[in-house]
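One chain, chain A, links the two complexes that follow: it is found with chain B in the first and with chain C in the second.
Let's turn to the complex of A and B:
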């Protein structure tokens, strides 16, 4: 299981690249970019969440399953850390 | 809708809430192909899976309906997709069943029954949800 924030962000970016269905390249996004502003949809958040769980061997707890968790790469990285704390 | 006032006491304010959502059938197909059972078990209830036959088009309709209901609930923290169940009644009309945190959020906001309407065509699923909030609010200036 990874606990490296750099690896976490790489996993997030890879999940976004594969399943985010964004309207701009992930490489153009900063960690603080608004993902919903870049075309992220509510359904795409599910696929991205599942892909991150697979890549990092974690599971997002129910209380983190809301829009604010998916608003940015930074927010997702924070949610990953919280998820690890509950495992 | 005008708020009813009575000598400065708090009175019920009947406020309509509406939410809508659009879901791509191809996105649901992708989820089924890539994540399969994990996707189904995280998002849909047993009844939804049974009624939809787990076809992408029917699941997309239910996903759009869940999102429309979330917009009506507004406070979505801790609400999972499974807590918003979309099932058809004996006439085939979609109904909303809320459980756990979703039920509590609706009750806390004094939301009445949530009505939904759904449709799908040409690769897209559409849903609209509406409810009346009977929330107690203080008159302005309180």
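Let's turn to the complex of A and C:
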């Protein structure tokens, strides 16, 4: 995995903080924590995705627009990498 | 394909020729004739009778709802393309004169109106949730809601009106009781529609969420198996099946948005069974013909005996 994932993870955490509507502080989540278990909803995933795309100037391809992309910070970081690969 | 060859064109013409419907001059806008209303009333009676055992509390709402209520449902985030808001004139004499001038010039005077703080209700059950803020009783509550819905999807297909009525049986309670409501009422509605001679399929579905972000919403909805539709083939094999009803488990979406708790202190879960009244009435005319007196006796006796119970 390339070394820019640290910034990616910061951007993911910032987006979750602002738009995730989670039921616990983002700082308490590990990269593997189940976001849906932490109260993440479908409506919130939409806003988090848009915030991440905006912050990192990427666009998630259509095939990544599903629940598994949003299941954890780790999964989101992987999706960001895949999105860059397609640009 | 020309307009006349579209699968809906023949049905539309038959409905209009038989005065079941009359056109109002905009796509998806119809007046409903006496024959239509006769079937509508009988269907509605049958539906209420079929689910009488739910002992549902009856509520009726206006066709518009306050924007504050509309906001809580997140509807405009998910379905901006279907949303309609009500605009009103709030001007003075000078602005009235301007409106008269613009109108006389044949220009769009509606642009001089301002948002009135009212939204067209897109679903019959939405305004109900605003009444439920607080804590539900142990068994939850079940409701009978018949309301007018507006969805901006103008279409020449008579099965897709811009305003229509939806009759719903809604339950608010726990995750278990909400899912049980959906899963126990849906097969009974399928059976009721089949007793009217309609061939029904009960299939997983998703709402028409808007745009790229909508793909996530739709995928989530399908993955979690939240929505099912009752579909029937109005146009035989010339077009896909049309949904005439749906059975939805909303999870805690409305419970969270409207501050509704179940008796155990958890956020309430909700579910609804909805019958699209206009679509179902038209599916019956499409299936059995434009003369009600020629409909199969088996169908007529189900529709017009429900009253006698």
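Rule of thumb we're sticking to: the second predicted complex is superposed on the first by the 84 of 87 C-alpha atoms of A that agree within 3 Å, B and C clash if a C-alpha of one lies under 4 Å from a C-alpha of the other, contacts with A are read in each partner's own complex, and residues count from 1 in each chain.
Going forward, a residue touches a chain if its C-beta (ideal position, glycine included) is under 8 Å from a C-beta of that chain, and two chains touch if they have at least 3 such contacts.
Fair warning: this is a prediction, and the values are worked out from it, not measured in the lab.
Trainee: Tell me the contact category for A:62 with respect to chain B and chain C: first, second, both or neither.
Mentor: both
Trainee: By the touch definition at the top of the document, which applies to A:70: first (chain B), second (chain C), both, or neither?
Mentor: second
Trainee: Considering only touches as defined above, state whether A:24 meets chain B (first), chain C (second), both or neither.
Mentor: Touch partners of A:24: none, neither chain B nor chain C.
Trainee: Report for A:45: first if it touches chain B alone, second if chain C alone, otherwise both or neither.
Mentor: After superposition on chain A, A:45 lies in contact with chain C alone.
Trainee: What is the shared patch of chain A, the residues that chain B and chain C both contact?
Mentor: Common to the two interfaces on chain A: residues 41-43, 46, 50, 62, 65-67.
Trainee: Touching chain A in the complex: which residues of chain B?
Mentor: The contact residues of chain B facing chain A are 21, 23-24, 27-28, 30-31, 34-35, 38-39, 42-43, 63, 67, 70, 76-81, 101.
Trainee: In the complex formed with chain A, which residues of chain C make contact?
Mentor: Touching chain A: residues 74, 77-78, 212-213, 215-217, 219-221, 223-224, 253, 256 of chain C.
Trainee: Can you list the residues on chain A that touch chain C in the complex?
Mentor: Interface residues on chain A, with respect to chain C: 41-43, 45-46, 49-50, 62, 65-67, 69-70.
Trainee: Over in the complex, which chain A residues touch chain B? Could you list them?
Mentor: Going through chain A, the ones touching chain B are 19, 21, 41-44, 46-47, 50, 62-63, 65-68.
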